[in-house]
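Given below, in the form of structure tokens, are the structures.
Next come two complexes, and both contain subunit A; in the first it sits with subunit B, in the second with subunit C.
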Partner chain A sequence: MKIINLVIILLSSWPCIAWPVTLNVGLQLEPPNLDPTSGAAAAIDDVVYGNIFEGLVRINEDGDVQPGLSLSWDIGDDGKSYIFYLAKGVLFHNGDPFTATDVKFSFSRARSDSSTNAKKYIFKPIVDINVIDPHTVMITLDQARPDFLFNIGLGDAVIVNKDSADRNSFNPVGTGPFKFIKWVRGDRVELERYKKYWGPSVFLEGAHFKFITDPLSAYTAMKAGDIDAFPNYPVPENLFLFENDPAYEVVIGLTAGETILATNNRNPPFDNVLVRKAIAYAIDRSELIDGAMFGNAVPIGSHFAPNHPDYIDLTGLFPHNLDQARQLLLSAGYPNGFSASLKLPPPIYARRTGELIASQLGRVGINIKIENMEWSQWIDQVLINKNYDLSIVSHVEPMDINIYANHNYYFGYDNDEFKQIILDIETNTDALNSSRLYKLAQKKIAEDAVNGYLFQLGKYGVWKTGLKGMWSNYPIRSNDLRGVYLEGDKQ
Partner chain B sequence: MISFLLKKITSLIITLLVSTGVIFILIEVVPGDPVAFMMGLSGSTDAADALRLELGLNVGPWDRYFDWVSGMVNGNFGISYTYRVPVVELIRERALVSVPLTIYALLLSTVIAIPAGLISATRRGSLVDTSFMGFAQLGVAIPNFWFAILLVLFFSTTLKLFSASGFPGWDAGFFICLKALTLPAISLALPQAAILSRVMRSSVLDVMNEDYIRTARAKGLSKKQALFRHGLRNAMIPVLTILGLQFSFLLAGGIIIESVFSLPGLGRLVFQSIIQRDLIVVKSIVTLLVFSVVTITFIVDLLYAAVDPRLREGNS
Partner chain C sequence: MKHFSISFIVGGGLSVLFLMGALLSFFWTPYDVELLNIKGKFASPGLEHLMGTDHFGRDILSMVMVGTRNAIAVSLIAVGIGATIGVPLGLWAAATCMNGSRLIDELLMRGNDLIFAFPSLLLAILITAVFGPSIINAIIAIGIFNIPVFARISRGAALSIWPKEYISAARVAGKGVSRISYEHILPNILNLLIVQATIQFSIAIIAEASLSYVGLGSQPPNPSLGRMLNEAQTMIFFAPWLAYFPGGVIVALVLGFNLMGDGIRDLLDPKLRQKSITGKVSNDAS
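Let's look at the complex of A and B:
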């Protein structure tokens, strides 16, 4: 009897000790294609960033810039020229060696006229790309740009191979630790460990990214064991079901998504700062976070990620105060309040927060009419044609406070003082000064109450107990699996 | 028979042509720019222009309509805006899930419904009849997605006999795929079987009251013999109509079940494409669905003619 038990125990625990595993990772959105240098879809980076493709530098879990294909670099004293020293012995998944000409090709392709790169602006400041030798490349910019290094760490700036670049959308070829095997559209993307990877070898045998749109199916797939990890579980209200189950671990982190009550600063009454401040006083963030996000979000007072070192807490600037809000509306000339529309995109956070915001603003006499719309309608009406009063959306791009310097953007915030701060940030090379400027920028838009600042969207990681090395935060969108292993499996 | 065929084929072609026009116009008037969608919240404008050029969206509607229709006639449905692969390939992959699922579900529902309806009709008023029809009532009343969720909770998360979601792909093996399609097929089949068995029952009961059955009985056949030799063929006509309708409905209408089981089927492809404004895919699939509905109706017409010789003669 004892022997049989022992055999059973051995059999059941044997595979996870002896063999590296293929991880099943659940994602809610399927990428439209697998080329991170094309459209803007975050779902592409969710699969490929750090796994299939790598850039000159790599952004890690904490949002820091780390060496990538470039092992080190020198920045000229003027801050304009960068010399990158590239890793040797790197092979693309098609067998081609990686050299400095691939860097030149990738960046030239991204900035060409026919490029459809959604972040073309990253490459705009490049004046010259000079291949010094096969493993050294010099990039010269028009002026000092302290954010250039971070930007070339984004998925939009990964290094591609010139023979395969045009087919990356369906057959991606990069230099990363995993190579693409196949894509069963509508179901999954399969990756396998790349045996000739230049860097430290990874622990996983491979990974299957499975796309599960329906929130309930996400739950059943986890519980049935089809999925080992859901890096960003779509339904915060279900998390307690996993928290109570010792077979799963729940890790709540932060994304780069500032969720805001976007306000059309062009149109009355929102062109009046008193009205915007009244709205800021009327908003009760803790009610929003408890009601819409089941307590799983961090309040923000400006457009900046709370886990960034330069973050300052401005949530106390306009504490929830209905009398103050009414007073401000009175002095703005709206003693009886007014009516406004609130156009909501499809994500669950927007719809739920929208309902609560409508009732909160209703308490001070602002009568909100909610209009639910699809993404493409929202992009058309709100983002492009600026035909809206209020909206709720999460801005998921990392370090994107500079969007407030663009007066043509859909908020319509046109402030010379703020534009100057961003200009200073863009040309400043001193870290201490840059930190001061970022704080100034946060304060400026918070004081002007440009938008209602609600909360930072959380990242709800759920995975099987024993799985280690998954990212707990999303400083950028990536599920970099290089450090992931099953406990007891690491050799 | 030949003129019957010709007439049907001509009406098939006209229906298709008219529908391409309607589909094109409907999709053109829907607001929302596919390029703006793909560029997201912070895309640059010159990249958007380059993309518009690449997708061929910079020409007028007439040109696009004729390109589209002439392409389809030649078997070229174009390239998907978002996936950047030929639409034909996309549809083929999805049809390889949806069509087998539909057939599986229809087979299940027929296998359950025809005998159940027949037994109920021949033993009208008995305990068997009452309980079968009670189940049928329940089957019509239960929403299929809810039934699907119950199946998943029981067979997948509790018993862990089936995986809760996903489709391995046919190269993983026939039986593995059949297994993956089993729970979805059952949840699709249940309400269809319920409807079908009720139709079967009432159809058989109707037929049994016809004069020719009475004649057959009068010349000495037993009730069963009369039913099987003369009644069943006639009773099948309404059942065939419902089956044809169900096939078309299941092919496109499996979307909710596809979502519950995360199956990469046609329904979800249409839904995704509408959301992402992948208009060329939407147009092609809708046209294809129109085509399949028309074809199935055509096949059902032929089957009528096979079952009932009067219909053949009436048309010639």
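Let's look at the complex of A and C:
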């Protein structure tokens, strides 16, 4: 009897008694296609990264580089040559074995002229890909690139199979723990556990990614039990309703999304640094976070994620001070302020922050006209044609401070000193020096008040109590489900 | 007073109430509608804020007042545009139809059908999507889909007046087609048009609310009932008043104008008027 009791106690307290379940995961945006190597949409990685597709290395929940299809690697003393030792016995979902030639094929395809890869710059430094044997590949770079390993862990650099690569956008074939079953457009993508997966077996039987655009429907679908987990719940104001319900768990983490008041540095009066500084003084971040994000966001003072080790807190550089703002406008030659347009994309954070920003800038005499637009209009008018004064958007790419070195980017920030810092970062291999340079870069754009730096977008995870292994942060966009299981709470 | 129907009194009462509220908002609202006060957000309805406050701490009553004013202004101008363009078109079509030239009539009315065949909200979304969302474009969009309504009804009504003997008499007297349309046809179909205008007005209120709801009407911070409803939907679980008040106002406004339209129709319809006159006579006799 005692032994039976012991067995029961052991079983009930076993940390991961995985019940074979198909997990229903809610996402707000449906991906335009399912090929992460073909476009920039974060919604693609939301579904496929780590689940269907894998890269040579894998980025984990903390943003660290982990072994992926390459179990280990050697880096040459000059920092230019990488030798990857690939896992054996790996099969693509179509049954083809994975070998070093697939690495060569995938990277050559991504850097080819016809490729629409959103991050071609990852592959640009590659001079040579040498297949040493089926399970060893050597990649040579033009010079030492400390960020190369991280970059090939991104969704844009996943390994694809040459027979199926062209069909990945609607029938993705990868090496990941889940294989693609079907995509019901406008509704869901269904994945199933890949039984011949090379790595440790996953706990879930399968996963259905369901796309729910409407925030109200997201709430009701969660409450009705149609969705087991919403990795990034779309509206912060409803989180407390889940927090108050023991059936759900709310985990607030961070994304790599710096939310900024994007400023067109080409256009007067924003080409004047005094005006930009005045705006920085006029912004009240705590009011924005409280009012637009219901307290669930972290203030930032530059374009850098607060959970990164090289982050420095620059929020005190331009403390909220209306008199200072007015004074600066006066010395810039705008004693009575001026008028400007604020073009806002659809997300709730942008629309709400926009209304508050308009009101805050109004207090120092800057008269803001809000223009709400759809994403396609925003991309066309603001991002591509740079026809805007101000805008609000979250830059969700990890470690993207280098966008400030591109004077053709929509901010129009053209500063040689900053360009040099980024160049130094890209070619520098000393970690200590790299940290110093990143701090310098953050400081430079903050002091120039290139944009208004508002807050880091939070990741609002909501899932059923007992669901373990979901990511709490988004260092990159991914809902890697390999470690997810439902805790056996049956007594 | 007997011939004022209940629907006219209720509808008229509601309409006047809202009109007065809207007019009052030009001079006075309890709070500034653009004043954000994050610390005072989600105050429940009470003495300080009769309808509570929203997620930015703005006073709902003030926003509803200004929102109603915007809705009424948009609808009034839009219906005005529809009537000013639609009625002459309809009269012209009827006149050409009765005077031999079917071609113009056909062209006008098929053109009308074309606009009419488009779902009105889709047309409005199309216009505001092309020209950008603003209150002016919302007015134009709603105005355009009012044109065929007025053109059709005035053409139909005019066609029934043209064969009348007094029209023939006017023609014999040498009056031209446009003068007859203006001096004889229009006054005789005016009652119909007024009734139609009140109904179109309430439809326009809904159209304005729908456009603002999808973000194509008046832009923030200018309050609008439709956008208030949109913003309220993620918060109705803990601040239901955000939806109750703008939603209730839209319902009451539309109901009021519809009832008033019914009442006006009862008043203006010649047959019904005949009845009330005979009723009056018999009353006098008793």
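We take it that the second predicted complex is superposed on the first by the 469 of 491 C-alpha atoms of A that agree within 3 Å, B and C clash if a C-alpha of one lies under 4 Å from a C-alpha of the other, contacts with A are read in each partner's own complex, and residues count from 1 in each chain.
The rule is simple: a contact is a pair of C-beta atoms (placed from the backbone, for glycine too) under 8 Å apart; a residue touches a chain by one contact, two chains touch by 3 or more.
Since we're looking at a predicted model, the values are computed, not measured.
K.L.:
So if we stack both complexes on subunit A, do subunit B and subunit C clash, or do they fit?
P.N.:
They fit side by side.
K.L.:
Kindly classify A:147 by the partners it touches after superposition: subunit B alone (first), subunit C alone (second), both, or neither?
P.N.:
neither
K.L.:
After superposition on the shared chain, which partner residues are touched by A:400: those of subunit B (first), subunit C (second), both, or neither?
P.N.:
So A:400 only meets subunit B here.
K.L.:
Of the partners subunit B and subunit C, which touch A:40 in the superposed model: first, second, both, neither?
P.N.:
In the superposed model, A:40 contacts subunit B only, not subunit C.
K.L.:
After superposition on the shared chain, which partner residues are touched by A:120: those of subunit B (first), subunit C (second), both, or neither?
P.N.:
So A:120 only meets subunit B here.
K.L.:
In the overlaid three-chain picture, which partner chain does A:169 touch, first (subunit B) or second (subunit C), both, or neither?
P.N.:
Only subunit B is touched by A:169; subunit C is not.
K.L.:
According to the stated criteria, A:359 is in contact with first (subunit B), second (subunit C), both, or neither; which is it?
P.N.:
second
K.L.:
Just to be sure I read the superposition right, which of the two partners does A:186 touch: subunit B = first, subunit C = second, or both, or neither?
P.N.:
first
K.L.:
Just checking: does A:216 make contact with subunit B only, subunit C only, both, or neither of them? Give me first, second, both or neither.
P.N.:
both
K.L.:
Subunit B or subunit C: which reaches more residues on subunit A?
P.N.:
Partner touching more subunit A residues in the overlay: B.
K.L.:
Taking the superposition as given, tell me the minimum C-alpha spacing from subunit B to subunit C, whole angstrom.
P.N.:
6
K.L.:
Please identify the positions on subunit A that touch both subunit B and subunit C, taking each partner from its own complex.
P.N.:
After superposing on chain A, subunit A residues 216, 374 contact both subunit B and subunit C.
K.L.:
Okay, in this complex, where on subunit A does subunit C touch?
P.N.:
215-216, 219, 235, 237-238, 240-241, 287, 290-291, 348, 351-352, 354-356, 358-359, 362, 369-374
K.L.:
Touching subunit B in the complex: which residues of subunit A?
P.N.:
30, 32-33, 39-41, 113-121, 169-170, 184-188, 210-214, 216-217, 220-221, 223-226, 374-377, 379-380, 383-384, 393, 395-397, 400, 403
K.L.:
What residues of subunit C sit close enough to touch subunit A in their complex?
P.N.:
34, 36, 38, 41, 55-56, 129, 132-133, 215, 219-221, 233-235, 237-238
K.L.:
In the complex, go through subunit B and note every residue touching subunit A.
P.N.:
For this pair, the touching residues of subunit B are 31-34, 36-44, 46-48, 50-51, 53-54, 82-85, 90, 93-94, 97, 149, 152-153, 156-157, 160, 162-167, 169, 259-265, 268-269, 272, 275-277.
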